[in-house]
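See the structures that follow.
Look for chain A in each of the two complexes below; its partner is chain B in the first and chain C in the second.
Presenting the complex of A and B:
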């Protein structure tokens, strides 16, 4: 039987990172994944990641996947694809793998579980009809296979998955009819909600799906308002004309393999193995990293994978204790940065009233997905002044700071604590380079020249839709809620390679619209 | 005694619910009503319900429906879902054809 120093189960962000870390210390690594392609969910993440430079922020997820894969291959990690781990056995430290034709066993001094999570379904009338699917499944169809999941879509769930996939549906040309959520507030990042809202998609909070209509496939959806116990309120049902219903109501850890070993488990949105600070379970040599040990996101999963492999390397003597301690404390502090802010674990389920800075949190953003015009002046990124200047519509404490690095002229400051709100420095001169606009993973930065003469203003915005409008084209300026509020003329379209496919669009709008117009739509409507 | 351990408790008549027809286990096409009936027949654990009706024995091996089966059992019994022990995890993780299972190849 082939023996590896480390067996990693799951080739997603956590598993790839664990494999790389272990191999970099000279350990032999076998990486197993049941899918035909490695990368887990990374290769369908076409959006720019949050975090700071050390977390690969502002890099699109699939590029991070490519980097990790290249690194793993370079380090000699043996990647087994189409290889489903059928069973795991301790204390023999053995796994049995099926490739669809035969089964083979391998043993590993250490086994790192990084099997990820699966999408939660919600049973409702008609949920087994073709046309009802997980939001992640729809994302796979679009971004890996180039297939639109449908034409007219209802998204159920307003967490980051619902918001990110919702935006990508619009990018792919689908009509996103609404995003609904049973909770009374939007679950994901405000900036993700805002970029969906400004295209005109409504958010219906305290709403649930009652029924999928249709006999052969989905021909419509019935939604209803819910009471405080999340029960539909009779009489509030309404029909939506959709052909696809996407479910984004959370994830469940795929922890069955952990359970099979008999290691200690606990309830945490599904069963997860109990792990120590290094990701080690109650069984020596068995580790868990990433979503399988508790749902987080890809950036923390990557660090979690590294820590588990590092601990395995130290245990087996592949690194010295002092080297281990140094690396561990670096990874740990990097992880802690991601786990801060208003979406941190300790704040889950809470309704915060103020930001870390003591500013009131926008309730309109939580309820409708966009900032109210009355609210915008209260945040440190949104200042008004003469000449061109950045307007940073980032109002929640989330762990993210690429804007600060993007501006070489000191216009934007976040500081060492990356969850602080960015501050637009009124003393520094904006050079209109557009770097901050393209770098912001939340697409929340605009360059505004409030008065360009002739009662006109210029608004520069991030634009990730194709085809790109042409310079001189006339269309509409859209408000934060996606209403056509004024005529707009395209003044400039910039597509520098450094912007990484985020086009920087400058539109001319009437002066009074400078702080209101936040999106552009061409007059040719389809 | 916890309610769950008492096999003689009377759950009363089963009262039909509007959504009894909804499929809970997609893979094996088992409805909410069938699971409720099983509880009233005396199946108080996931394992018992699974042996009677097969929810969680299809393609996804319960990854999707387990939590709902558990919630339904708990609701019928009037206990917290956490008191209902989950299905035992055991190999094989995924459904596998016997010819594949039997075709063991030594790793080199």
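Presenting the complex of A and C:
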């Protein structure tokens, strides 16, 4: 039986990071994954990640996946694909692995479980019809395989998965009809909602899906408003003309393997193994990292994987105690940064009234997905002045600061606490480089010249759609809610490689629209 | 429908075009993409009908968990089409209950 110092189960962000950390300390590592390709869900994450530089912020998820894979390979991690781990056995420290034809056993001094999570389903009339799918399934089809999941789509769930996949559907050329959520407020980041809303997609909060229509596949959806007990209110039903219904109502840890070892488990959005600060379960040598130990996101999963492997390396004497303590404290502080802010665990289910800065939180953003024009002036990134300057529509305390590093001219400050709202420094001169516009993972930064003569203004915005507008082309300026509010002329289109596929579009709009126009739509050709 | 141009992904890195049959009809797809993706691109939604109630089922999770997308592939039933790569010459059939049409059980 082949023996490894460390066996890692699951080659997603947590597992790959654990494998890299262990191998970097000279341990032999076997990494097992049931899929044909490694990376877990990373390769379908085509958006720029949040966080700060140490968390690989502003890098797109699939590129992080490529980096991790290359590193694992370089360090000699043995990757076993199409290999389903069917059992873990303690105290023998053994796993059995099936490749579909035969079963092989491996043993490991340490076993790190990083099996991830699966999507929750919700039952409603017609939920089994072809055309009702998990939002992650749609993401797999479009971002990995280049196939549209449908033409006209309803998204159920407004957490970050619903918002991010919703945006990606539009990028894939699908028509997103609406995002609904039974909760009275949007669950995910406001900036993710805002970039969807400005394309004209409505958010319907306190709404649920009543049924999927169709006999052979989805031909429509019926939604209804819900009362405070989440029950549909009779008479509020309405039909939506869609062929696809995507479900983004949370994830459940895939903790079956942990359960079969007999380690202590607890309830946390599904059963999860009880782990200590290093990710070790109640069984010595068995660790859990990433979503399997509690749903978070990829950035914290990567750090969790590293901590578990680091602890295993220290336990078995591959690193000195002082080296362990230093690395652990670095990882831990990095993790704590990600776990702060409005969306932190301790704030779940709460409705916060003010930001850390004491500013009122936009209720319009929470209810409709976009900032109200009345609200925008109260935030430190949204200043008004002469000449071109950044307007940062970032109004919630989320762990993210690439804007600060992107501007080489000191126009944007977040500070050491990465959940603070970015401040637009009125004294620094904006050079119109566009780096902040492209760097912002929330696509919330605009460069605005409020008066460029002739009663006109220029608005520079991030644009991640195809086809790209052409310089000189005439179309419409869209408001934050996606309504055509004025004529617009495309002044400039920049697609610098350093922007990593985020085009920087400058449009000319009437002067009074400088603080209102936030998106561009070409004149319809049909 | 296949995505023609994408703002972020320059190349979906497809294998070569291959022919296969779906319920006897000759169709084309790309080698090694999941069968489910090929069928979705061809506008085919129904993968199987359930045994008791003869209800249609299609792709649900696309990561091999739910088994809703199983079909009869090269005569073998219960093949998860979201996890199984397409090969040239494959014979893919709608699954009825536990087998192909006529083999209902």
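Throughout what follows, the second predicted complex is superposed on the first by the 524 of 526 C-alpha atoms of A that agree within 3 Å, B and C clash if a C-alpha of one lies under 4 Å from a C-alpha of the other, contacts with A are read in each partner's own complex, and residues count from 1 in each chain.
Going forward, contacts are C-beta pairs under 8 Å (C-beta built on N, C-alpha and C of every residue); 3 or more make two chains touch, one makes a residue touch a chain.
Keep in mind the model is a prediction, meaning the values are calculated, not measured.
Partners chain B and chain C, brought together by superposition on chain A, fit side by side with no clash. In the superposed model, A:148 makes contact with chain C only, not with chain B.
In the superposed pair of complexes, A:175 makes contact with neither chain B nor chain C.
Touch criterion met: A:1 reaches chain B, while chain C stays clear of it. Judged by the touch definition given at the top, the superposed model places A:28 against neither chain B nor chain C. Legend: residue contacts after superposition of the two complexes on their common chain; A:128 is shown touching both chain B and chain C.
Residue contacts after overlaying the shared chain place A:383 against neither chain B nor chain C. After overlaying the two complexes on the shared chain, residue contacts for A:467 are found with chain C alone; chain B is out of touch.
Of the two partner chains placed around the shared chain by superposition, neither chain B nor chain C is touched by A:219. Looking at the shared chain after the overlay, A:428 reaches neither chain B nor chain C.
Of all C-alpha pairs linking chain B and chain C after the chain A fit, the shortest spans 5 Å.
According to the touch criterion, the shared surface of chain A, contacted by chain B in one complex and chain C in the other, consists of residues 34, 118, 121, 128. Against chain B, the residues of chain A that register as touching in their complex are 1-2, 34, 84-88, 96, 98, 100-106, 118, 120-121, 123-125, 127-128, 252, 254, 256-257, 259-260, 267, 270-271.
Of all residues in chain C, only 1-9, 12, 14, 33-34, 36-37, 40-41, 45-47, 55-66, 68, 82-83, 85 touch chain A in the complex they form. Interface residues of chain A facing chain C in the complex, by the touch rule stated above, are 34-36, 46, 60, 118-119, 121, 128-134, 136-138, 140-149, 151, 171-173, 215-217, 464-467, 501, 503. On the chain B side of its complex with chain A, the touching residues are 19, 21-24, 26, 32, 60-61, 63-65, 67-68, 82, 86, 89-94, 96, 100-101, 103-108.
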